[in-house]
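Both complexes below contain chain A, partnered by chain B and then by chain C.
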Partner chain A sequence: MQFVVNIMVLAAIYALIACGYVLIYRVSRVLNLAHGELMMLGAYLLVATASAFAASPLMAVVFAAVMSLAVGGMVYLFLMRRMTGETVLAAVLTTVALGILIRGLIVLFWSAQQQHPRAMLGWDNPVIVLPGDARISLYSALLIVATVIVYGGLFLFLRFGRWGIRMRAAGQNPLLAAQRGINLHAVFALAWGLSTFTGAIAGMLIALDSGLDSTMTMIGLKAFPAALVGGLDSLVGALIGALIIAGAEVGVIRFIDPLLADVVPFIVLIVMLVIRPWGLFGTREELDRV
Partner chain B sequence: MSKPLPSASGHFRRSYADEFRLIETRFAKAMTLVFAVFLIGFPFVASPFYVDLATQVFLASIGALALMLLTGIAGQISLGHAGLLAAGAFTAGILYKETAAPFWITIPASAVTGAVLGIVFGLPSLRLRGLYLAVSTLALHFVVVYLGGEYETRRGYSTGILVDPPVVFGFEIYSPRIWYFVLAAAAGIALLVSINLMRSRSGRAWRAIHSNETVAEALGIDMARYKLLAFVISSAMTSVAGALFAYYRGFVSIEAFSLYLTIQYVAMIIIGGMGNLLGALLGAVFVTLFPYLIEGLMSALPGADRLAGSVFAVNYAAFGFVMILFLVFEPQGLVGIWRRVRNYFLLWPFKHKALGGSS
Partner chain C sequence: MMKKWIAVLGLATAGFAVSSANAQESVKIGLTGALTGPVAGTYAPAVEGLRLYIDKVNAAGGVDGKPIELLIQDDGAEPSKAAANAKRFLTQDDVAMMINSSLSSTYAPTIAEAKRNGVPLLFAASVCPAEVFPPADPNLFCTTAFGAKYDSRAALGFIEGKSGADVKLGLHAMAIPVSRGEIDFAEELGKEMGMTPVSKEITPPPTPDYTPFATNINNADAEWVWSWAPWVAQIKTFEALRRLGWEGDYLAYAHLEAEGELERVKDPEFFVVGANALFSEGLPVMADIMSAAEGSSYPANQMTEGWIAGMVIEAALKAASDPTSAESVREAMSNISVDMQGLRGGPLEWTADNHFRTQQNYRVYRWNPDSESIETVQDWTPFDVQ
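Right, the complex of A and B next:
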């Protein structure tokens, strides 16, 4: 039972992060390799607001989340907007460089020491005992809840929301969408904002659960195979992919060798790239467009 | 990179032999000679610190040239460069530790390891393009790093493998000056190999593949063969660079081969200028010296002692920032700047070169 719970928690983490990769890729065909850093930045923003809003911890969380939404939008407006029309490599490398820049700035502002935002907010993290004698910490449970809410919200937004439909249109055919009067820059900025927002939620919850330091970027990077296994342009795929990656990782830790934990997602990724490069639910033609 | 005619110099190629000359004009010959004399004289006048810096530049330029051949020329994006360096370093380290193999066995052995890994890294390139290829090489990087780490923990070298200085013909390569010359020679060989590859059939095939795969295939270029060849040659060169790195440092640890190292090498070819061998060299110089430059600048600032703790972070941030600046504002890299400056002086007092002329 504990085994299943572990998989579920890890899958929720990966899914919550992976939807950020998917959102940006689906709308603007850019692979954002700075996603792990942006997510870590969201968590550090919580550290910053935690000391500023010591009186009302919930406000701190809300404020940090809104700020990360703005950060994501600004990343697009000030940086990625300039990379439109450049080669895939240039755009991807810009995100890589952005990641390095963010990581350096984070260490500069908050030092490389481990931070404990939960203690700063004055919350505790009780263990919930589930039937079957499985244990789960409160924030891990919240992670699963958050994943469900975020995916549900994204689904409704993309299906029925005015801006959601615009986003899908921009992803499907940017030229036609632009001629239809859709402001592509606004749509792309929104995609970056939402992606950073969801990433920041994941980052904050992980930080609240188990502390925060720069190793968090590795979690962000490991969530990327989840997005690709499911198909880079499919949200459902990201969910399934996260389950597969989390299952493989937890299984390997339990039955084979804990040291393998950091490689397993990438081994699954390689296998997937060999068999079905466009992912489980991805669009096949995507491959030739890149 | 077909050799640009030394425009406006009055130099013309008048025979086929002229076409094959590496150094064409008397002025270029003189400059090469001056540069060679400078390189040879450098370690005798400079302090050990600068000799070490120069040696690092040589090491970096081997890796940068290899990556340039693969990514800049053949257009195959690779984010697994650190993995290949690690493979070379670990081949040398493991062979030395387990069998006490001498220098002249470990270096070719690591080249072979690199070549084999090149095929492994390159196989996805037959099916995948662009982004997906980059991702698959990135994934392979993690696998290689895991294998290295596994070896370290299994054999009890958890902090790293110590490698003694190599002995060649009973002569121990130990002093920094000797290393300087050894690595200068290695970088020179790498450069010569790259230049000659560029002017041969494979170099032309790679550039054709880079420009347009469909057209290249229609021209009769064996796509699979030349893509794999690019991976094999580049990986072999990179592995040898890794092995030399292991010997030079006298120490191999998997921590040295992080994703950041890959990014540094990619930054070299970006900052230097894509698709140009000179760019790889300039980029290697720039990226290697950059942290020392930042450190120097920071110690010159007032309140240097307070800043000392954050040198590392500033370095990181500044490096990312410079990389972004180049990507956004100068995609041609340092070579682009150099070309503009050169053309300015070549064309002076005119402003624009004639239409249709070569570079």
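Right, the complex of A and C next:
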């Protein structure tokens, strides 16, 4: 049972991060290589708000999440918008530069020290005992719950929401969408905002569970194979891809050799790229456009 | 025309003489360190401690009236950046000593550059390379507290003293060569001592969840765990074990974060073994560090490594016949004994053959829930370095 719980927690982490890659790629065809850094920034924003709202911990979390949404939108409006009309490669390289900038700024503002936002907020992390004597910490359980809510919310938003439908339209055919009066910049800014928001939720919950340090940015990159395996333009694919990668990783740790944990996501990715380069739920046409 | 050229030549010569005089006014030391990037938390506080110590020396008049100019360059733990930093220090800045406070992956280029230019290279807060142990490379020195193989000897000796040799031992390392090498050594040493290694977990540097690794240790019924890895990996593995309901004893290396973390975790079965004294000792030198660290981004108790490096650098420069000459500084470093003022279990001694230290001392600490403070569980235990 603990084995299954371990897979679910890791899959939730990867899925929550991977949906950020998918949201931006699906709408604007940009591969955001600063997603790990934006996720980490969201967690550091919680450190900032935890100090400012010490008397109201819940407010600190809400405020940090809203700020993350705003940061994502601003990244588009003040940086990525300028890349409109440029090559995809130029946009991707811009995100690499953005990542370097965020890493530097985080050290400047919060130093390189490990942070413990949970202790700052005065919260505990009790262990929940599940059937079969499996155990899960409160924040790990919240990671799973948050993943379900985020994916459920995004499904409803994209299927039925006015702005969600606009996002899908902009992703499918930006020219036609613009001709129909859809404000593409607003749609792209919203996609960046939502992507940073979901990444920040993951970052905050990981930080609340086990602390925050600058290695978090590498965790963001580890979720990338999940998005690729599922298909870069599919949210369902990101979810399934996360489950596959997490299952393979935890299985290798448990039954083969923990040393292989780092490479197995990339072995799965390579196998997928050989068999089905556009991913499990991605579309071939999308890959050609990359 | 000839007079004009002589005048130009004269001015150029005068300018060169002035710039040479300026260069001799200060002792230049170049430091390449991982001040940003994923591992910065391990190095940046120590570099800050060193900088504060050098400021203190300069405020007191420097060395032989010459101020020490500490040139700090960030390498982000990237070998290419470390190599570029080293080249700059050696070709542009003309440093008398170079310091590496970064990941072991940056060692090869900095060692090569330092050797090529005949400038001594000091490893401070970064893991001591094999070349500083006897028989030492004449150009390489190390002040860092932890020492491969000696740490595991001290750790397993402590476990044996607490629970005897008949224990089920869990081992934990990070997937980097230096950490894995130490835990492989500990595994063999444990077997020789009669212990039963039941689980050896190697966690990748970026691990989102340590629970799957901890589950293996828990399932193996380990009674003790010895972890030798960067602090983040050590503490996260321990906390994952506790969340799984594991009730054994955990021994980790006392990196610079140890003191603050013992106070945060407050677990009496979580021990740390290390070669630096913790600030709970309340030594006078610690009051000096705390005073210097006021207003800093890092707590004073994370600066011991840098402060110790500063003490050794000051002593070496004072002992050198010409502190601005790399050759003279290296000669002084090859035969030196520095009083650690209680920060370590004895003086730091380097000989021509040993650039690690002649004796390594270890103390073990834990959190005492009764006194609500950190306590010394085992006092300084010496190991001769041969």
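Here, the second predicted complex is superposed on the first by the 290 of 290 C-alpha atoms of A that agree within 3 Å, B and C clash if a C-alpha of one lies under 4 Å from a C-alpha of the other, contacts with A are read in each partner's own complex, and residues count from 1 in each chain.
Heads up, the rule we're going with is that contacts are C-beta pairs under 8 Å (C-beta built on N, C-alpha and C of every residue); 3 or more make two chains touch, one makes a residue touch a chain.
As the structure is a computational prediction, the values presented were derived from the model and not from experiment.
K.L.:
Following superposition onto chain A, is the placement of chain B relative to chain C best described as a clash or a fit?
P.N.:
Aligned through their shared chain, the two binders clash on chain A.
K.L.:
Figure out whether A:Ala90 sits in contact with chain B (first) or chain C (second), or with both, or with neither.
P.N.:
In the superposition, A:Ala90 touches chain B alone.
K.L.:
I'd like to know which partner A:Asn6 touches here: chain B for first, chain C for second, both or neither.
P.N.:
The answer is second: A:Asn6 touches chain C but not chain B.
K.L.:
Determine, under the contact definition given at the top, whether A:Val250 touches first (chain B), second (chain C), both, or neither.
P.N.:
In the superposition, A:Val250 contacts chain C only.
K.L.:
Just checking: does A:Asp262 make contact with chain B only, chain C only, both, or neither of them? Give me first, second, both or neither.
P.N.:
Both partners.
K.L.:
Does the superposition put A:Asp213 against chain B (first), chain C (second), both, or neither?
P.N.:
second
K.L.:
Once the shared chain is lined up, is A:Val236 touching chain B (first), chain C (second), both, or neither of them?
P.N.:
A:Val236: touches no partner chain.
K.L.:
Which of the two partners, first being chain B and second being chain C, lies in contact with A:Val107: first, second, both, or neither?
P.N.:
Once the two structures are laid over each other on A, A:Val107 reaches both partners.
K.L.:
In the superposed view, which residues of chain A touch chain B and also chain C?
P.N.:
103-104, 107, 112, 221, 259, 262
K.L.:
Please output the residues of chain B touching chain A within their complex, sorted ascending.
P.N.:
My answer: residues 71, 77, 124, 127-132, 134-136, 138-140, 142-143, 146, 149-150, 153, 259-260, 263, 266-267, 270, 310, 312-321, 323-324, 327-328, 331.
K.L.:
Show me the residue ranges of chain A that touch chain C in the complex, using the header's touch definition.
P.N.:
2-3, 6, 9-10, 13-14, 103-104, 107, 111-114, 116, 119, 125, 127, 135, 137, 140, 206, 210-211, 213-215, 217-219, 221-222, 249-250, 253-254, 258-259, 261-262
K.L.:
Show me the residue ranges of chain C that touch chain A in the complex, using the header's touch definition.
P.N.:
35-41, 43-45, 175, 201-213, 215-216, 231-232, 235-236, 239-240, 243-245, 257, 264, 297-299, 302
K.L.:
Touching chain B in the complex: which residues of chain A?
P.N.:
Interface residues on the chain A side: 31, 79, 82-83, 86, 88-90, 92-94, 96-105, 107-108, 112, 221, 224-225, 228, 259-260, 262-263, 266-267, 269-270, 273-274, 277, 287-288, 290.
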